[in-house]
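Each of the next two complexes has chain A plus one more chain, namely chain B in the first and chain C in the second.
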Partner chain A sequence: MAKWIKIAGGAVVLAAIGAGGWAWTSLNTSRSGVADDSVALADFTSDDAEAVARGEYVMRMGDCAACHTRGQGDFAGGYEIPTPFGTLVSSNITPDRDTGIGGMTERDFFDALRQGIGQHGFLYPAMPYTAYAKLTDGDMHDLWAYMSTVAPVSNDIDENGGMAFPYNIRLAMAGWDMLFFSNSGFEPEAGESEAWNRGKYIVDGGGHCSACHSPRNALGAEVAAAYLEGGSLGDWSAPDLTQNPHVGLGGSTAEDIAAYLRKGSDGVAVAAGPMAEAVEHSLQYLTEEDALAVGTYLVSLPASDTPAPEGADVASLPHAALDYEVNCSACHGLSGEGITGMVPAFAGNKGLLGDPTNLIHAMLKGARAPHTHEVQTAAGMPSFAWKLSDERIAELLDYVRNSWGNAAAAVPASSVAEMRASLDAREPMANPAQ
Partner chain B sequence: MNRREALFSLGSMAAAGSLGSAAAAAELKGFPAQTAMSADHLPVPAKTGGGFRVLTGETEQKTVKAVFDRLIPADANGPSASEAGCLEFLDDQLAGEYGAGKALYLEGPLKPENEEAIMGAPQFLTSPRERYEAGLKALEAYAQENDGAAFHALSPDRIDEILAGLEAGEIDLGEGVNGQAFFELMLQNVREGYLADPLYGGNRGMAGWKMIGFPGARYDYRPYVDRRGEDLALAPVSLIPLD
Partner chain C sequence: MANERPKADVVIVGLGWAGSVMAEELTRAGLNVVAIERGAWRDTSTDFPPAVDPDELRWHTRRHMLQPMSVETTTFRNRTGQEAAPVRNWNAFQFGWNVGGAGTHWAGMSWRFLPWDFQVATQTAERYGQDRLDGLTDEGLMLQDWGVTYEEMAPFYDRFERIAGTSGKAGNLNGEKIKGGNVFEGPRDRDYPTPELKDTNWMRMYRETAEGMGYNPFTIPAGNISQAYVNPLGVTMGPCTYCGFCDFHGCGNFSKSSPQACILPALMRRPNFTVLTETEVLHAVKHEDGKTVTGVNYVTRDGQEGFQPADVVVFTAYQMDNVRLMLLSQIGEQYDPATMKGTIGRNYSYQTCSSVTAFFPGAKMNPFIGGGALGVQIDDFNGDNFDHSDLDFIGGAGIMGYSTNGRPIANMNGIRPGTKRWGSEWKEAYARDYQEAANIFCQGTSMPTRDAYLSLDPTYRDRHGQPLLRLTFDWNRNDKSMIAHATEKAIAIMKEAGGEDLMVDNQAEASWNPYKQHSSHTIGGLVMGADPSTSALNLYLQSWDCHNVFSVGASAFPNNGGYNPTLTVGALAVRAARAIHETYVNNPGPLVEA
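Now for the complex of A and B:
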C-alpha cells in the first residue's frame, strides 16, 4: 500500500475528531427514531407472518447472505473480505446474544444497517450501509421481523483484527462517513413513473448495485460522477450499466435486463463470477415486476462517455481463428452466437468489450453460469490455463472481441501473465520439441 | 477366480460390511462449483531434454529402432517410426506408469494352469518395462547366436524374416520371453507412438495424423458433417497447440 494512503487515512482520523459540527449530518441517528429501542432481537418475536415474508424478500434483495453466510452457519458471518486496507471479516448477524446481534434493539439495527453505526463501533463501508441507507422504514421493520426468525448461531468474529493501522480504528470510519456517506433516505422523483422509482430504489438501496458497478476512489468510496459506469473487483470487473452503446447496456431493453437478473442471462450475456453469485443468491428472487422496474430504471441512465474502442486487427493473428474453432466454437458457436440462456454469445455482447478482466479470468480459471430456479443447467466453462499460453489467450480474446461486429482494444499478453500469477492459475504445458 | 467364486466373495464382503463403507463416500449434489481442472484430469506430456531413461543402452536403442523402422519404414507416405519420435515416445511411456504396469494386475493368478484359457491371451506377471528389458536382450542374443551379428546390423530382409517368425510364433526367444507376445507388444507400441498426440513424444510434426488424414484433438465437427465427398483439408491439431 502506498504510504500516502496511510497518511491520508491518518488525516481522516484527525478530521473525525476535529469536525464535530460537520459530523452531525452523517452521524445523526434521528431517522432511527421510528424503531423500538427497548426489546433486543434475541427477545423479539414477530406474530406478523406477512411482515416476516416481506422481510425475507428484503433480505434476498439486499443479499445479506452473500457476505454473512459462508459455511459457518446461516448468517453467522466469517467471510474474509480482502480490501486494499487489510482483511475484514463479515460479522455474525444471527440473533445470538453473545456473538451475534441478539443484544441489539430494532433501533440499534436501524443505526447499523442504514448508517453503519454498529454495536462495536462504526462499520466499515465494505458493508454497503451507504446503499442500505435508502431502505424505507417499512422494509427495515420487515427485515427486523425476518431476522428475529433466524436461528441463533454462536460464532465469535473479530471483524477488523486483520485491518492495517489506521484502518483498524473503527472511529476512522466516522471521518470516512463525513466525507463520503449521504445520510438520507430514498426520495422518489415526482416526474418519473412508479416502475422507474421502484427500480431506482432497488438499484441504489437493497440491490446495492453501485457497490461493484461504480468505480471507487483511493479511500474506497464510490465515485459519484461515474455512477454505475463500471468498477473493478480486482480479479473480476463489473461492467458499465449505463446506456453506453459500446461497452454498456445501450440497446438492451428493460425486459432483457429483467431476464438477466432473474435467470442469469438475457439470451446474449450470461452472468459469471460474483454476478452469478448475485443472481443465484439474490436477484433471481426478485419478482418479475421488480426485475422489470430495475430494467426500466437502468435503461434510463444516460450513456457514460467511454468512447468506442479503436479495435484491433484480427486478420493478421496467426493462430486465433483455428484456436477459436478448436477450443471455443463447440459451445460459443462458429459465429460467436453462444447457446441461448446457457453459454454467452460473443457477437453483440458489449459487456465483454470494455475491461477484459472477466474474459481473462474465465480463460484461466473457468467460469460457471448461475444455477437458478428457472434455469438449472449452470453451464460451466473449463479452464484453459493448462494448454494455452499467455500469448495464445490474448490472441483469442482479441479475436472474439473484434469479430462478428465487435470492436475492443487489444489485450496485452502481459495482462494474462499478471492474472495467471495473481489467480495462481496453472502454467501452460509444452509439447515436446518437434 | 471364476464367476461363482467372484460372486461368493462379493457376498462375503457384503456380509462383512466392507461394501457398507461405500455409503460413506463423498456424495455430489447439484453441480461442481470448480471448473478449473485438477491435475488428474490433465494429460502428462513426455519429459524431454534429459535423454533416454529406460532404454539407456546403445544396443537396446538400436534394436528397438531396427524393429520399429521395419514395422513403419520411411516411404512416400511419411517418415519412419524413429523419425516420428516413436523411440522417445516408448522410452517416456516405459519410464512412467505404463512401463511400471500400474494399470495391470501383476499378482499371481489363483489357478495358473488355466489362466490363459480363461483370459484368451498370454498373461504376464512382469511389467512392460521388464518385458522390454528381457525381450530386447533375448532378441540380441538370438541374432548373435543365429547370424553372428548384432540384431540392428542385420539386413532389412533378415530382420523382416525374424519379425515374421516371431509374429507366427515360430521363433523361440528362450526361457521367460514369449516371442510372439513381445512382437505384438512392440507392434502395438510403435503404432501408438506414431499415432498418439505429439504431446506424448511421438507423432512428430503430426506426421502420423497427416498420413492417415486424422484432424487431431478437435472438439466439434458440426461445421463439416454435411460436407460429404470433399477434401476438407483440416489441419491436425494437438491437445497442446503447436506454434
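Now for the complex of A and C:
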C-alpha cells in the first residue's frame, strides 16, 4: 500500500488553493441526502436482521476489516500504513462515541465512505472512498445497520499524527479529490447482462480491485487508461486482470476466476501476499453467483497491450534444472504441475510471467496461501533467502518462467538484491559449493 | 492459584495425533477446547521445509525434534527387586516435543489391528481351548480382551484413515478377499483413501519371492501418501516424493499424515479452540468429591504456574506420560504385581521384533528411494492368522521387506559382516553394500505379563520435582518363542530371494534394554476394558475412577499387535471424542456402570 500514497503533496496543496471553482463537483455531498442526519451510530439500533446480514456481506465485500481490524479489537483500527510522507494509521470505526465513529450520523457515514469527508476532515485516499463511491444507497443503509451491531471499542487513534507537514493537512486532500475523484455512483450499462453489471459493481465498488490492479500516476491516482492492467504495491505486484493472453487472464473462464476468488486458487495459481489476505478476509465470502459475476465482467475486459515476453534462454543456465529439482519439485512437481488448490503450478500459470516481484518476494520471504472455508490448508512456501544467492534465485526464476511452455523476460540478479535489501531478508549462508 | 484461566469445556493435555483428533471432533461439535502442549509450535514450511527436512544429522542422528532427556525421562529395570536407573538417551521409544507430538516425526505405517488383537483371551480359548488360555495365565501372561471388537472399531478406523489420507489396497472389502491386498485384515467398508505406493526394486523382489513361497504379500498401508488428497476437513496433502526422510524427520511437502498436514490447518482457525504451547501440565486437580477433577495445573516455559479449569480433562500425551499423569493426579490405584491389585500401570508391553539383513551381489537396491512406510509385508504369520495348535506360543509377527530409508549416516553399519569398520576397505564396502543390502523386519505381538508394569520411581524426579515414571519390563517366554518362529520364516524368505551373508538380529535373545530400538511401540499401562478390576478405562476411554477424565493413546492397548499403533490410537481418539460430545457432556457421569 505504501507506494500508492506517493502523493506529490506540494502540488496537491497548490491545487487545493487554486482550484476552488472545481470544488463543487467533487465535494458535492448531496448524494448523502438519502441518509438520516439525526441519530448517531452509538444510539442507533436496527431491528432489521436481514439488513444487518446484508450489511455484513457488504462489509466483507469492501474488506473493511483488512485495514480496520489489526489486533486492537474488531474494527478498532491501528493498522499503520507507511508512506514516503509519514505513517498513516487506520481509524477506529467501532461505534465507540469518543474514539470511534459512534458520534457519526448515517449521513456523516455516507459522506465519509462515499466521498472521503470524515469527521475530522478529508480522508486520505488510502481509504478507498474513490471506489466505495459506487456503493448503492441500499448497500450503504445495510452497512450502516451492520456497523451498529459492532461492539464499541475504546481505542484512540491519531490517524495522521505520523504524517509530516504539509501532508498532515487534511485539506490538501480536497485538492486531490478535485483532480482525481469521480464523485458519481454506479451506472449500469444498458447493453450488458445483469451478471456483467453486478460484476462491474463489485469490481469497481466494494471490491475496489483497481486500487491495486490499476497502475497509479505520480500523484497516486489510478490511471484510467490502464484500468486493471496491473499495478505495483512495492514489495508485491498486482497482475494484469485483462484478457491479455501472455500475462493476464486470457484463457481463464468466469468459473476459474470465481474459484480463485472463493478458494484462493483456480487449480493453477494460488493466491499469496496481499491477495491471499483479500481472499481470506473478503473474497471467499462472495456468493457463488457474485463470484461468477466478477468473473463474467473480468473476462469481458479487452486485452492490454503488453506484448508477449521474448523469453530467456535457460538451457545454458548452469544450476537451474538441478536447483529446481532439489529445492522446488517436492511441492511444485517435476513438471511444474503443483498441487491442485494448494501449491501453485508453474506450467500454464500466466500470472508468473509478467512482473517478477511476487516470485522474488516469495523466494526471499516465503509466502502463505489463504485459508478459506473450502480450502483449509493455507500451505506455506518456505523462504530460500538463507540458502540461495541472488544469482541462483534469479536463475531459478528464469527457469520456471521459461520452462513447460512458459516464456518471460530474464530476472536480473540485481532485482533480487534490491528486494533482499528492502525486505531485510537474510543473507545466504556461506556455502563453498556455490 | 494466582493464574487461573477462563474455564474450558474440555482441556486436552498433549497435542499430538490423539489430541488433535480429539480437539477436531470436539470443536466441530461446538465445545470450547483448550489444548496444552509441552513442546513448541512446529510448522511445515518454517520448521522442516524440503530444503531442511532431509537433514539426517540434525533430525535422525541428533534427534533434534525429540524432547530433551533433561525435561523428562523414565527409569528402567528388567524386574522387581532391581534398582531402576534413569534412561539417558532416546532409543527404545521417543517422546515428541512439539505441537503434533510423535505424529510429526513418525514413519507413517498405518495399520488397523487384526480382529484377533482385540480379543486375544476369548479367541485363544475359543480356538485352542480354555486349558490353553489357563496355561498361559499360569505362566504369567495377563491376557484380556479390549472390550471393543474390530467390527466396533472399523468405523473409527475408517474416519481416521480419511483424515490421514492413508495409501493402500484393500484385502478384505466387506468380507470379500482381494488378492494383492492384505487378505488377513478385518473387513473394511471401502478401499483406502489413496492407492498403494509403488514398489522399489527390493519390494518387487520380496513380493515375488513371498508369492512364490505361497504367502500373501501386499503393500504396507502408508501415511506417506501416494497422490494429492483432500481430506474431509478440507485440508490438502501432497504426493510423497519417496525421499525416505520420514521417521525422526518432519515432512516438508505435506505428504506424511500428521497433525500438521491433516488437522491443524483447520483446527487452528476455529474460534473455540486454543492451544497453549511450551506449557507443561503437572497433574489434574481432584474435586472434593473425589469422583471428578476440576481442571489441570500447569507450568509455563518461564516457570509460571497456572490452573486451567475444565468440565472434562483428556490426557492425550505420549503413552508413558498418560500413565504418569494419572499417577501424579492420584486417579485410580497403582498396580501392584505382588497382589495384582490396582489398574494404573498394568499391562505394559513393548513389541517383539527381529530383523534379517542380507546382501545381493551386484544389485542396485537404490535405497535413496524410500518412504517411512514403504514396504511389502506378509501377514501369514501375524496374530492368529496361522494355526498355533502345535506351537508353544500365541501371537505372531508381520514380516516385511522394507525400503523405508537410505539415510547415508544410519546405513553405515549396514555392511557385510567381517568388513573393517574404518579406512579404505570400509569406504569401498559401504559404497558397495549401500546398494546391495536389503532388510526384512519382523514386527511381533507382545503379550502383557504380571511382572511388566509402570509405576512412579521412588528416587528420581523431574525438573519440577515430580517423580519420574519407572518401567519394569523384560521379554516373556511366549513372545520369545513367537519371534524365534517369525525370524525363521524371515530367514527362509531372505535365502529364497537370493540374499547372502545374512545378519540376523533377534532383539528378544537378550534381556530388553532401553538403548536398543527395533520398534518404538511401547504400549499399555492405562488400558481400556470391560472389567474395572483389570482396566483403568472403560470402553470409551473414560476413567473408571474419575468420570470426567478420559485418556487416549497406545497406553490404552491391553496387548500389542504385530503392527504400528498410530491408526489404532487415532481410531480410539475418534471413538472417545464422540462419546464425549454425543453422550457425556449432555449427562456427565460414568458412560459404563462399574
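Keep in mind that, in the parts below, the second predicted complex is superposed on the first by the 420 of 434 C-alpha atoms of A that agree within 3 Å, B and C clash if a C-alpha of one lies under 4 Å from a C-alpha of the other, contacts with A are read in each partner's own complex, and residues count from 1 in each chain.
By our rule, a residue touches a chain if its C-beta (ideal position, glycine included) is under 8 Å from a C-beta of that chain, and two chains touch if they have at least 3 such contacts.
Small disclaimer: the values here were computed from a predicted structure and weren't measured.
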Return first, second, both or neither, reflecting whether A:330 touches chain B, chain C, both chains, or no partner chain. both
Have a look at where A:366 lands relative to chain B and chain C in the superposition and call it first, second, both or neither. both
Considering only the touch criterion stated at the top, classify A:342 as touching first (chain B), second (chain C), both, or neither. second
Let me test your reading of the model: by the given contact rule, A:385 touches which partner, first (chain B), second (chain C), both or neither? first
Residues of chain A touched, compared between chain B and chain C (which is higher): B
Using the touch definition from the top, say if A:429 reaches chain B (first), chain C (second), both or neither. first
Which holds for A:322: it touches chain B only (first), chain C only (second), both, or neither? first
Between chain B and chain C, whom does A:30 touch in the aligned arrangement: first, second, both, or neither? neither
Would you mind listing the overlap between the chain B footprint and the chain C footprint on chain A? 326-327, 329-330, 366, 368, 371, 378, 380-382, 387
Spell out the residues on chain B that touch chain A in their complex, using ranges where they run on. 30-37, 42-43, 45-46, 48-49, 85, 88, 198-201, 204-205, 217-220, 222-223, 235, 237-242
In their shared complex, chain B is touched by residues of chain A numbered 319, 322-323, 325-327, 329-330, 334, 365-368, 371, 378, 380-383, 385-388, 392, 425-426, 428-434
In the complex, chain A touches chain C at residues 326-327, 329-331, 339-343, 366, 368, 371, 373-382, 384, 387
Across the complex, what residues on chain C touch chain A? 43-46, 49-52, 228, 230, 233-236, 238-239, 241, 243, 252-254, 265-266, 269
